[in-house]
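Below you'll find a set of structures to go through.
There are two complexes below, and they share subunit A, which is joined by subunit B in the first and by subunit C in the second.
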Partner chain A sequence: MTDPSFWPWFVGGAVLAAVPILNWAIVRRTLAVSGRFTGLVDRIRLGPTEDTDMTEADMVAALQAMTEEAFGPDAIDSDLADPTAASDAKPRPRQDSYTHVLFLLALVVGGFLATLMTGDPAITMGLDSKLFAKTFGEDPAIQALVLAGGGVLVGFGTRMSGGCTSGHGLCGLSRFQPGSALSTASFFGAGIATSFILQVMW
Partner chain B sequence: MRERILTVLIGVGFGFALSRIGFASWDEVHGMFTFSDLRLLFTFMFAVALIVPSWFVFERLGMAAWVKRSIHPGTVAGGVLFGMGWAISGACPSIGLVQLGEGQLGAIWTLVGIFAGNALYAWIHPRVFGWSTGSCLDD
Partner chain C sequence: MSDCGMYQLFTLSGTLSVWKMRYCQSEFEKCERFKRSARNEPVPNNLMPNGRLLNK
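Up next is the complex of A and B:
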């Protein structure tokens, strides 16, 4: 069933590992994709936010002052004040919406280049998959509905869980982050269960 | 500006790799989830295994200041919904865009859905839930 032109697992795995490692080494960011969708949705919902203009130190000082005011001086966790504690690091200013858009467009370009270099680029109205059509039928309207519905689950679920395959799966899991491990187990488990249910449909 | 250019280059490389691995193929993803083809699963697990030691290296170099990702009430529920959507649409968030680049135009519907689902959660969260979901953008 495997398309022989796809990379074998050891090549694909090595290249896939290089992406978040390079991203951390060069840009010092966790590879995030669903987070960028969240960033763009919030930019549209809330407009430009002023806090991105704040320096990191200002933000931490302001947050500490607010915490102290609301809960008293005991509420400030001494661990959080320790800058060397890796897992309790204070958030950096996020990348802006333009970078999110450019990154998402870069993924489109990457997919296009890969198709251009390895085969003849062809445009399909649905998905380039016989199994998909076999599972959900050939009707383009039904297919669009299925894809949009699946997309809603992906968008809703990744935002609810706070990450997707890149942030939780590749980066969080490899850092032994409990939330990421549980999230990855959940979405792989649900993917397996759903796919077996879909298999019964054809 | 430098960060933006490098982020774009990494994005192009990521999209290229995902396409060549076959992650943007509905058939391959289905094969992974039904264990009829273990190549994608091995690819993912091998990648994670290779990334693990890199964090230790970054720690030694003093470059490890990431935000802790703890468990919250949406971790499992969100993961389950995402997994269902992934199996149905064949796309995790980056894949919709890679599919579009490959010429699979049906991915436009998936992307519309992802934006709508994300916005829907943003609307519901403060009304119903209200816990912190965390974000990879914080690093």
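Up next is the complex of A and C:
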């Protein structure tokens, strides 16, 4: 039976597909939620990177000079230089920390708005799931600890595999990336197996 | 690679593709930007794959 608090699957799927497309159209970046979070943490942990005040023209001129210095004038004229590689592509501007914060905040706000639409909004420390309560008990503190522990494991896994459900599942799969297919199969497979085992146990 | 600002600069001119071919598409493990990124260290925007800093 379909849970009335969920959107129909075809609406959810279309919205999920629209998000990475819109993200690409607006910021020209592949959608990566864990990547955003990692970027923010790195910015806090490591501080801002050393930036230059060089314009694009300065950079290209300096690059040409360094290319000749590093590889010699012959290298530039040889078949190593690929004239077809030139393009009108512009380097993307580095994203500020506030864009990462804005993106992550929007996730929370979006989830909250979706909850409001169900007509039964409630802020809880646990998970609104009978199976979850059966497995870990009704104590909100314990439930919050379990969720926090799960979050740490998810964070570890996403860093280890270089992406999460958005990066691998939505974007990687749609680009036919074998690594993303393996990652998605791994985390969804493990999730389904764990859920199945819990159902059988209880 | 698509997130590397320097990689995108290498596409601005055909003569610069030598960097892309030498580092990005072959011996990427020798790229100083890659090495720093793999060590979770900050990567200056003007750091070249050979470890030198690009200046005016």
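Criterion: the second predicted complex is superposed on the first by the 149 of 202 C-alpha atoms of A that agree within 3 Å, B and C clash if a C-alpha of one lies under 4 Å from a C-alpha of the other, contacts with A are read in each partner's own complex, and residues count from 1 in each chain.
Keep in mind that, in the parts below, a residue touches a chain if its C-beta (ideal position, glycine included) is under 8 Å from a C-beta of that chain, and two chains touch if they have at least 3 such contacts.
In this text the structure is predicted, and so the values were computed from the model without any measurement.
In the superposed pair of complexes, A:L173 makes contact with subunit B only, with no contact to subunit C. Of the two partner chains placed by superposition, only subunit C is touched by A:A62; subunit B is not. Touch counts on subunit A: comparing subunit C and subunit B, the chain ahead is B. Of the two partner chains, subunit B and subunit C are each touched by A:D42. Within the superposed three-chain model, A:T30 lies in touch with subunit B and with subunit C [touch as defined at top]. In the superposition on chain A, A:F71 contacts subunit C only, with no contact to subunit B. In the superposition on chain A, subunit A positions 29-30, 42, 83, 86-87, 89-92, 94 are in contact with subunit B in one complex as well as with subunit C in the other. Note for the complex: subunit C touches subunit A at residues 2-3, 5, 8-22, 40-46, 48, 50, 52, 54-56.
By the touch rule above, subunit A contacts subunit C in their complex via residues 29-30, 42, 46-52, 54, 56, 58-60, 62-64, 66-67, 70-71, 75-76, 80-87, 89-92, 94.
On the subunit B side of its complex with subunit A, the touching residues are 3-4, 6-22, 24-31, 33-40, 42-52, 54-55, 58-59, 63-72, 74-94, 96-107, 109-122, 125, 129, 133-139.
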